[in-house]
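The chains carry the letters A, B and C, assigned in the order they are written, with residues numbered from 1 in each.
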Amino acid sequence: MRTQQTLGEVLAARGVSRRGFMKFCASTASLMALPPAMIPRIAAALENAKRPSVIWLPFQECTGCTESITRSHAPTLEGLIFDTISLDYQHTIMAAAGARAEEARHEAMKANFGEYILAVDGSIPMKDKAFSCIAGESNYDIFIEAVKGAKAIVAIGTCAAFGGIPMAKPNPTGAASVQDVLNEAGLQKPIINISGCPPIPTAITGVLAQYLTFGELPELDHLGRPKAFFGQNIHDRCYRRPFYERGEFAESFDDEGAKKGWCLYKLGCKGPVTYNACATIKWNNGAGFPIEGGHGCLGCAEPGFWDWGGFYRPLSQGDWGDWKTLGIAAAAGAALGIASVAVSRVKQARARQEKS
Amino acid sequence: MSVDAAAFQTFREKAGQLRTSAVPAAVPSDVRVDRAKTVFKRRLDAGQATYLETCIHCGMCAEACHFYEATGHGRYTPIYKVDLLRRYYRRELAPMGWLRRLVMRDITAKDLEDWQELVYDSCTQCGRCDMICPMGIHISPMIGIMREALAEAGLQPIEQRALAKEINEQGTLLGIGPGTYQAVAAELRGRGVEVPLDKPRADVMVLMNAMDAAVFKDAIAATARIMNRLGLDWTIRTGAGDAAAFDWTSGDERTHARMTRRIIEDAAAAGAKTVIVPECGHGYAALRWGGANVYGQPLPFEVMAISEFVGREVQAGRLKVKKVAASRSVTYHDPCKVGRWSGVLDEPRQALAAIGIEVREMESHAKTNYCCGGGGGVFLNERAAKLRQGAFRIKMKEADATGAASVVTACGHCRMTFMAGAQQANWPTPIESLVELVAENLAE
Amino acid sequence: MTLLEFARGPGLQGALLIFSLGVAWRLVGTFLLARNRDLAQPKGTSTVKAGVRAMIMRSIPPHELEKRITFQHITGYAWHLGFFAVLLFFGPHVPFFKQFLGFGWPYLPNTAVMVLGAFTLAILVALLVRRMLHPVLKQISTFDDYLSVVLVILPLLTGFLSYSHVQPLDVRYEVLLAVHLLSVEALLVWFPFGKLMHLFYAFPSRYQVGAAMQRKGVQA
């Protein structure tokens, strides 16, 4: 597919007013924590942006990330922006299928070699690469080939970013993250991890907008996630924080505390150790986020969240073992004690006998 | 009653000569540690282990110790005095001993030498530290183990060694023995007080007490008058040996066992039902609590301190007393070994109340009293003289604060400590004997 | 494995195992040693009652003794009480105990816990300084004494840091929480080897001295 129309031309053709467009640029700037002076620059860049090619590779995924991004209850500018990148390969929403779809992918990769953005969702199985294939090709092979001509990789969702749910113990498929696979293959490419299970829609579009504007990666945290969305933890922005501070906790779902909207720490909320924008940007166009709905944060934007001992296990609890094991340890200790006593008693008895 | 000042002076001079007559123990230093450890090994048990394990190094025991209070020196902390015992226990008998040995030094001969001061000079085994310890550690008996260990290693104070030698070889204490008692009995008979010596059999046997025979003859007379007034079948048997347990205080367990067995066998031979220890703290405690264990079986007689006996008889109405002519106030000094160590706390006070004497208690009295400073052999220990005087000053202050005219006690050793201390400090308050006071006020 | 995953998993398991083994070893190895027999005729009766009494009343010494230890006496109990109040009655701690016991209990408001914790920490630091300067304590203190107090201070200090979400040197919350858990685990690991065992030994020891003195007719 050729990308000849600029983004500005497409928007105009769609009937988006200049005012509407500038409003979008302003809200994008503020989302990305960029100063107002940047707005004209964003507008200029977007207007004149050539529609970059985006190739979206789906691996061991549940399609939730696609659902999240495309889910909107009303047409939104984000959706329009999506129309204005050249999404050359995306299983869920592309029209073509089968051999024609694969053909489209290879063509796009060839035509835009070195320039296309590689979007990935789902983890890649490494134990036996045959565990996940598309049209007879393994995910691993598809990925390695696609990486060669990619300008940058956007790992969408916790599976692509960190391994996600397939990686949960005992990890039967040997699921690996995009970064893991690159490391294993000895390759290097700029990666942005947009984690979350699924990620917040505006996190994707905001990052893309920044990339389109500046042509460089946004500031990333130590896990490769854009700081603009993943720089603060849920706990610090949670509206229920005052209840945590005061020590007012819900003890069970639907108890008095729960009904009063108290802190969900004791119901396993992982807010304090989770970094995402749920508490500020929220979901469903700002309708709410899990804690607001009365359920603790699962920590879904963090690596290994599925193996944190359970969604309802509070952070102050851990995997301590069981009484039986502790009992065995105590018995072993007692045996050592008896051994020591036996030696001492013999020593003492001997000494006492010698006296008399 | 009056105290023969000259006799006291003579006694002190004789005690002072002990240093010159003693022969240092010939125990090579490499053997010393083994000998000390053998004592530790024999004496430690689960009870002591619990005490040694539970110390949290809070240092409160020091705040109960008169030697620490008088000097401010941290090394006189009571639990530190038994530190060698702790180290031995942790390294060689306790669980995880092999771990401890990696980080804890073994006891050395130099340690034993250093500990002489801690265990003999700056400790009277008074037991006041036992009362304060928040962990409930019974420190004072462990001091006894330390002393036995050091004595076995030949490191007991030179004066104690000389006394032990004298007792073992001559059967006398500072020259005082059966002969002295015979002379005293004769003298007292001349004064009209009958002291029945060496009866073949008797219900009540009173022990000899060298200090009384040398310095406090009036105490012997008082005891005799009380016994006679009660109409008891009683005697003092010179063959039994002296009550004064200097060997016990020095840790010379061999001598002590011999002397104790001698008393017990003699009393048993005489068919005594009650053995009374005259005014002597260590003598009473040693026989009352150690006697049966030396003997290997419960004693065939009751052991009482004279103050305990007198108080009991007065309370029961068997010993009739009258009130003193002129009312006066005293303060009572509990001898540590009779009071806190052995539970004789009420009887002396009952006796004093019965004769109409007002007792103005010192702030620390009865089970929390301060030691006179001379107990546990410290009075005879010349090396400890300065420490003893420092401790005594605490006692003087407390007594002065009561406003009492005199101090009454029921132990000859405490009495001598008070007399010597008062002399040195020019302290005017006199020290009196309980048994003498009661005997002076027997009903007509 | 992240630090927090370690602290909430193998770290906790390992610490509890070492604690169980070590405590059993030490207690069995002490209490089952030979016991000396005392053949002397006792004076006082009901040594059991006296022993039990001593277990409690040793905390309240007679005035003439107490007046020389007042500061240490009061601060000593104060910090113990504060420490256990924070440990047992801070909201997020209750689930920690619930996982072992199967039941929880009511807890204090956070402000109360913070105040108690602050006082406890202040006293501990003051007593540590005292231990380094006082003639008696300087003489008798060992490595165990200093390590034990540091290991008690650290959970309180790191607890404050992780609760208040203070960000010194830009340390992330999950690291602060992990360090807090690890400090508790360090305390558990050291526990059987040092003087912290007085938790188990103090009451038997008090009982012993109460019974022993009662045998001799004296109330301990």
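As a convention for this text, contacts are C-beta pairs under 8 Å (C-beta built on N, C-alpha and C of every residue); 3 or more make two chains touch, one makes a residue touch a chain.
What you see is a predicted model; the values in this text were computed from it and never measured.
If you compare A-B with B-C, the chain pair joined by more contacting C-beta pairs is B-C. Seen from the Cα centre of chain C, the chain whose own Cα centre is farthest off is A.
Put simply, the C-alpha centre of chain A and that of chain C have 43 angstrom between them. Separating the CA-averaged centres of chain A and chain B is a span of 81 Å. Averaging C-alpha coordinates per chain places the centre of chain B 39 Å away from that of chain C. Each of the following residues of chain C touches two or more other chains: 25-26, 28-30, 32-34.
Within chain A, contacts with two or more other chains are made by residues 336-337, 340-341, 344, 348. Looking at chain B, one finds that residues 44, 93-96 touch two or more other chains. Against chain C, the residues of chain B that register as touching in their complex are 43-47, 49-51, 53-60, 62-64, 68-69, 72-75, 77, 79-80, 83, 93-96, 99, 103, 130-138, 288-293, 295-299, 302, 340-345, 363-364, 367-368. For chain B in complex with chain A, the residues that touch the partner chain are 38, 41-42, 44, 92-97.
By the touch rule above, chain A contacts chain B in their complex via residues 336-337, 340-341, 344, 347-348, 351-352, 354-355. Every residue of chain A that touches chain C in the complex is listed here, in rising order: 233, 235-236, 245-247, 249, 251, 265-266, 272-273, 303-304, 307-309, 314-321, 323, 325-327, 329-334, 336-338, 340-341, 344-345, 348-349.
Contacts from chain C toward chain A in the complex involve residues 2, 4-5, 7-9, 12-13, 16-18, 20-30, 32-34, 90-96, 98-100, 104, 107-111, 113, 165, 172-174, 177, 181.
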